[in-house]
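Each of the next two complexes has subunit A plus one other chain: subunit B in the first, subunit C in the second.
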Partner chain A sequence: MSGLTSTISNAVMLSALYALVAIGFTLIFGVGGVLNLSHGATITVGAFTAYFATSVFGLNIWAAAFASMVVGAAFMIAFYLGMVQFVEDQPITVMILTLVMSIVVEEVAKILVGTQPRALPSLVDGQIALLGGVQANRLLAFALSWVIIALLFAGVNYTRTGKAILATSMSTKGASLVGIESKRMYLYTWALAGLLAALAGVFLGSIQTVSWAMGREPLVLSFSIVVLGGIGSIRGSILGAYVIGFLEVFTVSYVDSSLSGLASLVVLVIILLVKPEGLFGRELTH
Partner chain B sequence: MVNEDNSRTGRETDGNESGVSSGTLSSPSRRRAFLGSVGAAAAVGLAGCMGGGGSGPSGAFKIGVLAPEPSKNPIGSSIANAAKYAATTLNENDGVLGNDVEVVVKDTHEDPATGKSKYQELTVGEEVDFTTGVFTSEVMLNLMDSIAEQSTVHMNAGSATPDTAKQVKADYEKYKYYFRSGPVNSHYLGQNMIDFADAKFSDLGWDSVAVLAEDYAWTEPVTSVLEDKLAATGVDVPISKRYASGTSDFSPIYDDIESSDADAAYVVMAHTGTSAIVQWAKQQRAFEFGGIHVPMQFPSYYGSVNGANRYAVVQNSATPNAAVTEKTMPFNEGYYDQFDSYPVYTGYHTYDAVMSYVNAATAADSRNADDVIPEIESQSFTGTAGTVSYYGQDQAYPHDLVYGQDAAWPLWFQWQEGDGSGSQTTLWPDELASGSYQKPPWV
Partner chain C sequence: MTGYADLVDPRSLSVRHFAGVLGLVALAALPFWIQPLLGRGGGILAVVSVTTALFFAMFAMSWDAVSGYTGQISFGHALFFTVGGYGSALANTELGLPPVAAILLGTALAALAGVVIGGPALRLEGPYLSLITLVSPLILLQLFIVFSDTFGGELGLPSPEPLLPVGGFFGQAMANFYVAFALFCVVLLVLLAVTRSNAGSVFTAIREDEAAVAASGLNPAKFKLFAFVLSAAVGGIAGAVFVHTVGKPQPSQLLVMTVSIEVIIATIVGGMGTITGAAVGGLFFSLFREWLSGVEAAVPGIGVSIASLDLLLFSVVTFALLFFLPEGVLGWALRRGRTLTNRESASGDAAPDGGRTPLEQVVANYRDALARIGGDDDD
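On to the complex of A and B.
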C-alpha cells in the first residue's frame, strides 16, 4: 500500500509541474494561434538562469527563481517582438522559427556548461511526514504551482486585462471591434508563458537536474496535455496535466519504465482521432 | 573558438602549435580528405591504393583521434588532450622513429555515421599511422569494417562493448587491426563488480543490494555477469532492474528499492547517472549507493552537483590521487600542467593506447601495421592505469585489454568531503586505500 501511496504522491507532484508548462503552451496557441515549439527551450532558459544565478553569482535559490521568471518572460518577449510577430500569420514559418530557437538554446547551453547535467539547490530541504514521507522541495513546488495557477485563473477571469486576453482568444476581430489591442494581448501571453515555463524549469532543475535537453520531454508532453484538455483551455490543460502525469507515473511504476513517453503519445493519437476538440474544447474559434 | 574538429598538436615550440599548421595541409591532402568523406566506395578504392605498400606511412608520425564533443564533454576532451599530452612527451624525446608526432582530432558527436565519416577523413585524408579514442560503443561497432578496409590499427580507448573483440575472434585476419587499450570490456567491468562485492561488501555492511542498470547496449554484458554471479558472493539481490534510457524521474524506482529493504543500490550508469545521484541525495533515500557511474568518475564532479555525490562509491580505472602504477602520478601532473585540469578515465586509456602503439612500432622499427601488430600482441608494459597487455587469438576476447590483479585492475573510491570540496578517497584495492568507508548519515 505504501507503494501505491508514494506513486500517487509522485503523480500529484509531477502533474502540477506539467500543468505549469502546459498552461503557457496553450495560452500562446489559444490566444495567438501560434504553435510555439520553443516552449520547452524556455524551461531550459529558466533552469539555466537559476543555475548561473546560484553557482556563478552566488544568489540564493529563491532570488534565483525570481531572476529565472524575469529572464524567462524577457526571453519570450524579445523572441516575440524580435521575430515571431513578423511571421505569426504563417504557421509553417512560425513552427520552423520556434523549432530553430529551441535548437539554438540547446546548443548555447551545451557551449556554456557542456553536456553533463548540473544540480540546482533545493528551495527547501528535508522531508515532510505526509503520505509516508514526501520531499519538502517537491511539496513546495506542488503548492507554489497551484498558487500560481489559481492567481492566473483569477487574473484571466476577473481582471480587465485577463478578460481582454480571453476575448482575444475567442475572436481577434471581435476583440478589436471593442478596442482591444490584440498585439498587446499576444505579448502578455508570451510573457506569461515565459514566466510559467521558466518557473517550471527551476522546479524541474531543483527536483531532477538542469541539462541542455531538459525542455524536450515537457514540450512533447505538453502536446498530449493540451490536445487532451482542449487547445486554448486553461481548465483543460490542468486536467490534461493530471491525466498525463498519472499515466506517466503509473506506467513507469506498474508497467514498464521504457513505455513512459509512449503512453502519452498514444493518448494524443486517440484524442486526435476520437475527440479532436479535447475534453473542454476551445471556448470559441477565431 | 578553436575548432576541435581540425585541431592539431605537434612538436611545441614557444608554446605554440607548430608541428603542422593549416597552411601545411597540401592540396592533394585536402582533396583526399574530401574524397574520404564522400562514400565508402571511394574509400575502399583509395585504401586499395594505400594498403599493402609494405613501408607504411611516411613523414610526420600522425595519431588520429576520435572523440565525442572534445570541446564540451569531459570524456571527449580527456581523449583529445591525453593524445596531445602523449605527443608532447614523445616529441620531447625525439618523436617516434625519428619523426615528429602530430595529433589530429575529429569529433564523432557520439553518432555512428559521423564517426565513420570522420574515421575516413583521418585514415584516407590525413593518412594517420593509427587511430585511437572512440567512447560510444555504437560508434565503435560501426567502425569495425572501415578499420579492416583501411588496414590501419585502431587502439580503442573508451568504449567497453565486448562485441568488437568477438569480431576479432570470429575473423582474425580481417579484424586484427583492432585493439582495446582500455577500459577492460564490459564483461570484465561486471566481473570487477563481483570481485569488489566479494572483497568489500561485508566491510560496507551491504548484505542486500538492488541492481540498477540503465538500458543501453554497454550495460548488457555487465548485468548478465551480475545476474550470473552476484548472488553467489553471498549477497541478497531483491531487485535487478534495467530502467529505460530516457528516465529522468527516479522516484518510482527508488520507492521500489526502499520497499525491498536493500542496503544499497548497486548501479551501472553513464548517460542517466547524474539525475539518479542528485535525486538519491536530495531525497535522502534509505539505501546506500555504489557501482559503475561514469559521471561520478569526473574529478570536478563534486562542484557541478553541489556535493550530491558525497558518500557514493564508484569504480574507476585511475584517479588524480591514486598511484595505480608508478606512471599514474607523473601523468596526472604533466596533464594538469598542460591543460589545467585532470583527466577522466578515457584520458589514462588514451595515453596508454598511444604509448602501446608507439612502443610496438619502435620495437618493430616499422610504421607498417602488419609489422606493428605482432609487437602489440606480445607486449606487456606498465601503463598509467595498470599493466597493458592484450588477450591472444585463442582466448574469449582477442586483442582486448587483459583484466586481472596483475593486469588492468580497476579501483573503487568513495566521494568524501574534505575542506568544503569533494575528494575521491580510494577504498579498494587495499594497497591503494587512502581512507575508510563513510555511511550516509541519513541511512
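On to the complex of A and C.
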C-alpha cells in the first residue's frame, strides 16, 4: 500500500468524522445563534461513555456506541434545559458558560480516569481490499457519516420538524408567526448535535485513543470548518470538513507533524479577515 | 478630564473611594500584618501568593480596559501576556539585555501585537472577533511548539534574571511583592485615568452605540484600536515583570486557553467595565484558587482531594455567578452600598446610561451582530 493512498484514505476518514462534529456545531449556531464552545466536550463525553460501557460494564462496542449516542444527546439536552436556555439571548454569557462547561467535563474526566489515554475496541475488525487495503473500522466511520448526512438532508428537507428547524434558522420571528416553537427547535438541534458529536467521539476513540483533552482539537478544527463553509450552512460544513481534514492530514504527513492544527488555524484567520461569511454564508442550513 | 480628580481630593472622597484607598493601604502593609498573623513561614508564603494575585489582577484589568469598556470581547488576552513575558525573557537570556530594558522591549512587542491583532480583528464584529482572538493564542502556542528550539515548546523557557535581585528567599519574596504592588498601582492609576477621561467616555459610547459615535464625528475604529493597544501594552508589561519576579515564561502560566478564560471569569466576577472590579475580582480569583489548592480534605465518597478539584469547583461557582450576579460582586456591593446610604452615584464614572450594566450592553451588541449574521433580519 503506497504512502499516498494511505494518506488519502486517512484524510477521507478523518474528514468524515470532522463533518459529523462540524454539522452539530453549525446547526446550533445557525438555528439558535449560539456559539457552543462545549461541543468538543460532548465528543469527550461520548468517547468516555463508550469506554466505561465496554471496560466497566462489559457491553460490546456496538451497544456502547449506541449508549454513548444516547448519553451525548442527553448531556446536551440537560445542559441546554438546565442552563443555556436561560441565557441564550446573551451570547457572551453563553460563550463563557459553554467554555466553562468544557473545562468541567475535562476536569471530571481527569478525576475519573486520570490523564492516561485509554483504548477503545474497533467497531468492526479487519481490512478491506480497497485502495490497497483500508481498515474496516475506518471505512465504517466514513460510510456511516455519509448515511447520517443523507438522513439529515432528507430530514431537514422532507419532514415537518426538519422544515420547522430550517424555518427557525432563517427567521425566528417568522417561524414564530406560523406557530413554530423556536425553543423546541433549539432543543432538537442541541440533541442532534450531541448525538453526532458523541458518535464522532466513539470513532475517534476507537481509531485514536480516549483521553480527557480529546475534544479540544476537533472543536478548534470545527471553528475553521464552520467559518470556512459559512456559519449555519450544513453543506458548507461538509465541504469545509473535507478541505480542513485533507489539509490537516497532508500537512502532518508531508510537511511536519508538529504543524498539526496550525494550517487550519491559519486558514481560519485568513477566511475571517478576507471573507468572514465563508463559502456558503447567509445561505443557511441548506 | 475632571472625573478622576476626586480620587485624590479628600474632600470628595466617597465611601467607596475611601474603601478603595483603605484597601490599597492594607495591601501595601501586607507583609507587616500577615506575618504576625500567620507566622513567619506562612506569612511569607501568603506574600508570594498575593504577589501572584497582583499580577493576575493586572491581567484582568488589561482585559477589562478593552473588553469591559469598548465591548470588544477578547477571548485570547493570554497572547499579550505571553508576548510581553516571552519577549522580555528572551531579550534577557538570549540578547543579554538587563531586565529593565528587556521588560520595556517585551512591553513594546506586546503593544505591537495589539496593533497586529487588533487592527484587522476590530473590523470584525461580535462572535467573529471573539473567534479570531480565541484562536490567536492557539496559533502562537503552535508556533512555540514548532520552533521549540527558541521558545521551549510546551515546557517553556528557563527563568530570566530577577528584576530586583535580593539575596535569600525571604528578601526576594518581599522585593517581588513590592515590585508587583508598585506596578499594580501604576496600572490601576493609568487605566483609571484613561477610562475616566474623555477617551474613556468614547470607549463607553462605542460599547453603547458605535453608530452614534461615528455620527458625532469621532472615528470608533481609532478609539477601539487605542483601547486594544493600551490593553495589550498593560497586559504585556504585567507579563514581562511577572516572568522576572514570581512567574515563569511557560505556556501553562501565560498562554494556555484557561488563562484567557480565567481572566474573563475574574473580571465578570468582580464587575465588568469598572477597572476596580477587575482588580478586586482578579485578586479574589487568584487567592481563592490558591487557598482551594491548599485544602487537604478529601471529598467524601469518591476519595478525591479538594485540591485537585479547584478548577472544577471554581467553574461551578462561575456558573452560579453568571446566573445570579451578572453585574459582578463589586457592582452588587456598590448598588447595595448606595441603597444603604440612600444616595445616587457621586460621579458618573462607570455608570452607563439607560440603566444597563456593561455586561448587558455588550450582550445587546452581540445580539445585534448575531441577528445580522444569523439572518434574523428580513432580507
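Simple rule for what comes next: the second predicted complex is superposed on the first by the 282 of 286 C-alpha atoms of A that agree within 3 Å, B and C clash if a C-alpha of one lies under 4 Å from a C-alpha of the other, contacts with A are read in each partner's own complex, and residues count from 1 in each chain.
The rule we apply is simple: contacts are C-beta pairs under 8 Å (C-beta built on N, C-alpha and C of every residue); 3 or more make two chains touch, one makes a residue touch a chain.
Quick caveat, the model's predicted, so the values are computed rather than measured.
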Partner chain(s) touched by A:Q127 [first = subunit B, second = subunit C, both, neither]: first
Which superposed partner A:I96 touches (first subunit B, second subunit C, both, neither): second
Which of subunit B and subunit C A:S257 touches, first, second, both or neither: first
Dominant toucher of subunit A (residue count), subunit B or subunit C: C
Which superposed partner A:V269 touches (first subunit B, second subunit C, both, neither): second
First (subunit B), second (subunit C), both or neither touched by A:E181: neither
Touching partner for A:K173 - first (subunit B), second (subunit C), both, neither: second
Touched partner set for A:P117, first subunit B, second subunit C, both or neither: first
Contact residues of subunit A, present in both the subunit B and the subunit C interface: 110-111, 256, 258-261
Touching residues (chain side subunit C, partner subunit A) in the complex: 73, 75, 120, 123-124, 126-128, 130-132, 134-136, 138-139, 142-143, 145-146, 148, 258, 261, 264-265, 268, 302, 304, 308-309, 311-312, 315-316, 318-319, 322-323, 326, 359, 362-363, 366-367, 370-371, 373-376, 378
Complex contact set, residues of subunit A against subunit C: 29-30, 33, 35, 83, 86-87, 89-93, 95-97, 99-101, 103-104, 107-108, 110-111, 169-174, 220, 223, 227, 231-232, 256, 258-262, 265-266, 268-269, 272-273, 276-277, 281-282, 284
Subunit B contact footprint on subunit A (complex, rising order): 2-3, 6-7, 10, 14, 55, 110-111, 114-122, 127, 135, 137, 207-209, 211, 214, 217, 249, 252-253, 256-261
Of all residues in subunit B, those that touch subunit A in their complex: 69, 72-74, 215, 243-249, 251-253, 255-256, 259, 274-275, 278-279, 282-284, 295, 298, 303-306, 308
